[in-house]
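Input: structures, listed below.
First chain A sits with chain B, and in the next complex the same chain sits with chain C.
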Partner chain A sequence: MTSIIEVRRMFRRREAIALASFALLAVLTLGSSIITSFDWPSCLRSFPKAFSWLAANFIPNGKALANAPKILARLAETVLVSVMATVVAAALAFLMALLGSKTTRPHPVASGLVRLVASLCRNIPVVAWAMIFLLSFGQNVLTGLLALFIGTFGFLTRAFMETVDESAESSVEALWASGAPWAATVMQAVVPSVMPQVASWMLYMVETNIRDATLVGILTGTGIGFLFDLYYKSLNFSSAAFVVICIVAVVILIEAGSNALRRVIL
Partner chain B sequence: MTTGRDRIRLRKPTASSVALDLTFLALVGLSVFGFFAIDTKGLKTGPAAAKLLSDLVKMFAHPVAKHFSLAEAIWAMLLTLGLAFLTTLLGAFLAIILSSFAAKNLSKPAVSNALKLLVAFVRAVPTILWVLIFAIGAGLGSVAAVVGMTFHSFAYLLKAYSESFEEVGGDVVEALKASGANWTQIVCQAVVPSSMSYIVSWTFMRFEINFANAVAMGAAAGAGGIGYELFMASGFYFNIGEVGFITYLILFVAILLELGAMRLKARQHVQR
Partner chain C sequence: MAILTIKSLTKYYKDLRALSEVSLKVKAGEFVTVIGRSGAGKSTLLRCVNRMIEPSSGLIEFDGIDMRSLGRRDLRKARTRIGMIFQHFNLVPRQTVIENVLHGRLGYKSTLQGSFGIYSDEEKSHAVDVLARLGLAEQMHKRCDQLSGGQKQRVGIARSLVQDPRLILCDEPIASLDPSSAKTIMDHLHRISRDMKITILMNLHQVDVAIKYSDRIIGIREGGIVFDDEPRRLKKKIVAEIYGSDADDILFEESPE
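Entry: the complex of A and B
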């Protein structure tokens, strides 16, 4: 008998929790809609408009193709900037991860400091970094490069620390026990075992950075983002759509390449 | 004496080690090439770096709000959080409907693969471009920002949800099928409830990402909120103290969200 009562009580409690969650979500939705003056009917209407725009401009016309050399040059610049930011940030993040990881840290204070710096870099959004650097570096490709570098550094430091913690613990302990010095332990035990993961994270960040570089480019007037903004604001929609197509092609190409590499490496 | 030739070779090159070396070589090579190839328009990096350093000191040591009151700043922050919330809600709604069709153990391979293809395309378009594409129809503002940001949220959550559905395991699904449960019953009464803690934790993590995105859309796509104030402070008033004030606010909220996500994740580990 008691068990049936208990089961009933459990179901009643579950129902109450579900009801409360729904009520909370409804209140938050209403509040958010009011604060942001979000217009739900206009939200539904925007879908057919956006997709008919995409369909109408998806096949580039002569005007767009005439801009192709310019677009491809800017795209190449954006890809280069993304790779540069990733490589430099990864090199620095790897050193920081060695100082910060529980298995390899020379001192707990170093670890705490690394975590603090990485958290600052990561939790201030890339846009904010771009707006900060804009004041000293101006509308320059270096502004975006620096912003992407800081964001990537913050993200990769945490990712690498987790990788070192997960994959190198036992071998590091074995070498420590045999009296190997720190540098030798790192070179022989940590580096070989984490390199595949490090490469995988770097490929992921290159891809992410290309998308972020587009955004940063709009704000700092550089790269492919600037070119999109230019065509978009001058209502040259066929060229703007062509820029979208080029970015999609590059990102999908890089993603496919990264996935193929990961299958071999990992 | 040991020369390079005398040393014992400890590792034989394998396909994976060669691919790994080539990957690093290509990335480093491209970066070195990039440092010579990118056009910095003759920017003097020395003075710029010195200005950056003094800017950083100024913004973190003397944050001031000149063009808005604290109440207005908090309102702007609420607006940004509202954009992030609506985006996460819409993305989660779409993802939860479609994720049972994307999970391999609940769906047909053709359907699951078609959805994966859709997600690959959705993810390849940067969020800002989705927002600006929707702004053509809806105008710059909260609708374009939320709908545009929903695309990546949907793609991210679809992957997360369907993978946690797959973890529920074929044997549970098989057992339910054998006992006569239909597809809807399996999904709604077994798979979704048992993945609920995963769903909550992934959704909150996406909310954290969407907060940063909402700041960005305020700055770059006229969505308003704290991102717009940041854009004005830096690009319009050139006021580094105000940039510092806004950065502190954003940092405060971002760290709160990260702590929340970590707590949810930790609770999930306890449950599993």
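Entry: the complex of A and C
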């Protein structure tokens, strides 16, 4: 009997928590609207107007299409920078993950250090990294590349560590027990076990980095982001729109491609 | 002659004492099983032998070597002569049977050769022989994730055999197998100990299996040895003592007297 009562009490508590959370959310939304004097009705009313303006100005015209070669070249630059940042970061992240993962770490201290550095890199947003490097390197491709690299490195180190612990722990244990050296264990047991996951994470990061690279490019004055910024500020909206359309097309293309690749690998 | 001597082995996990003052001797070629209820310390005992778990105190002597005195490199060398077989097989699932078997040789190879998986012709033909003896000749080039549980465990056995071990530690080798695969595995291990004179130290949950295959049974309870003798001396009363309140479940199964 007591257990039934306990179960009921547990459910009542859970309902109370749900209700309280909802109330809190409502208060937060309302409160922040008031503080920022956010005007909901006029915001909603402005939607139709914004869309008709978009329809009128954001259709690429002949002038925009004439810019196509320039846009495509910048787009290629952005894609290449993203791929490069991902590949280099992945190589380093894999080494760090081997030092950091519970399964393969040579020493707990190394593991702690790796985790600290990785979480620092990961938790500072890429745009913030770009701003930091902007101060020291100025507006150039290196700045954007570095920012993407650092963010990717942080994220992948964490992802790879989890992958190693998940898919290689048991075979590593077996090879340790047989007296196999560290490097051989890594190459023979860890690498083949984690390869598909590692490739999948890298594809994911390439996608993410192309999106981030656009934003970072606005800051660093490079790549496709720079071109968008240029057209937008010179009120050449139809060319800016064309840039956006190209970005969307590339992102969709890359995502479709990497999904197809993923199906083959996994 | 004792191949393995354990004296006053004690293991603490923080404040929890998993093994207390365990002493035992295993003769070369002997088939010894360790029984005891869940949490009694069976796995801890087995893993202290090859120092996959670091003992807190006590002596472990394998083949005349004081295991606890060894540094990293010498420990690796000593481990090459100790095979280990796991409940969940612990293979690399995405690699083929023969690749997994050859992993048993990595402890003998230079880092460079091992890393790139360069094996000598002797090693390869030895691996092929061992696989044939375990009835896996057909499966040689299959990926391990395509094998049944019983076949995976045979790959595990093959991997430990190419190590040319003097002792094989088995941590519940049949716990995740169906009865017929379990029997195949136990028969293979029995043959290995009898024909190749390889010592076997095995944790088991099934008392009837332990009685059928062992030269000697060790019963542990709460980290201490409460029985150490031939299977025929294992009476109902002692099983009850080893398993405590779990004994009722055990004794319903086929048991002595």
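Simple rule for what comes next: the second predicted complex is superposed on the first by the 228 of 266 C-alpha atoms of A that agree within 3 Å, B and C clash if a C-alpha of one lies under 4 Å from a C-alpha of the other, contacts with A are read in each partner's own complex, and residues count from 1 in each chain.
Basically, a residue touches a chain if its C-beta (ideal position, glycine included) is under 8 Å from a C-beta of that chain, and two chains touch if they have at least 3 such contacts.
Bear in mind that the values here come from a model prediction, so they are computed numbers and not experimental data.
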Query raised in the report: In the superposed arrangement, which partner chain does A:185 touch: chain B (first), chain C (second), both, or neither?
Result: second
Report task. Considering only touches as defined above, state whether A:252 meets chain B (first), chain C (second), both or neither. Result -> first
**Report entry** First, second, both or neither for A:35, with chain B first and chain C second
**Finding:** first
Requested in this report: May I ask you to decide whether A:193 touches chain B, chain C, both, or neither, giving the answer as first, second, both or neither?
Outcome: second
Report task. Once the structures are superposed on A, label A:175 by its partner contacts, choosing first (chain B), second (chain C), both or neither. Result -> second
Report summary line: Overlap of the chain B and chain C interfaces on chain A comprises residues 195-196
**Report entry** Footprint of chain A on chain C - complex, ascending
**Finding:** 50, 52, 75-80, 82-84, 86, 88-95, 99, 103-104, 106-109, 111, 114-117, 156, 159-160, 163, 169
**Report entry** Residues on chain A engaged by chain B in the complex (per definition of touch)
**Finding:** 25, 28-29, 31-33, 35-39, 42-43, 45-50, 53-54, 77, 80-81, 83-84, 86-88, 119-120, 123-128, 131-138, 140-142, 145, 195-196, 199, 202-203, 206, 210-212, 214-215, 218-219, 225, 228, 232, 237, 244, 247-248, 251-252, 255, 261, 264-266
Report task. Sort out for me which residues of chain A touch chain C in the complex. Result -> 170-171, 173-181, 183-189, 192-193, 195-196
Query raised in the report: Taking the complex as given, what residues does chain B use to touch chain A?
Result: 15-16, 19-20, 23-24, 27-28, 30-31, 33-35, 37-41, 43, 45, 48-49, 51-52, 55-56, 59, 75, 78-79, 81-83, 85-86, 89, 120-121, 123-129, 132-134, 136-138, 141-144, 146-147, 212, 215-216, 219-220, 224-225, 227, 230-231, 233-235, 238, 240, 243, 246-247, 250-251, 254-255, 258
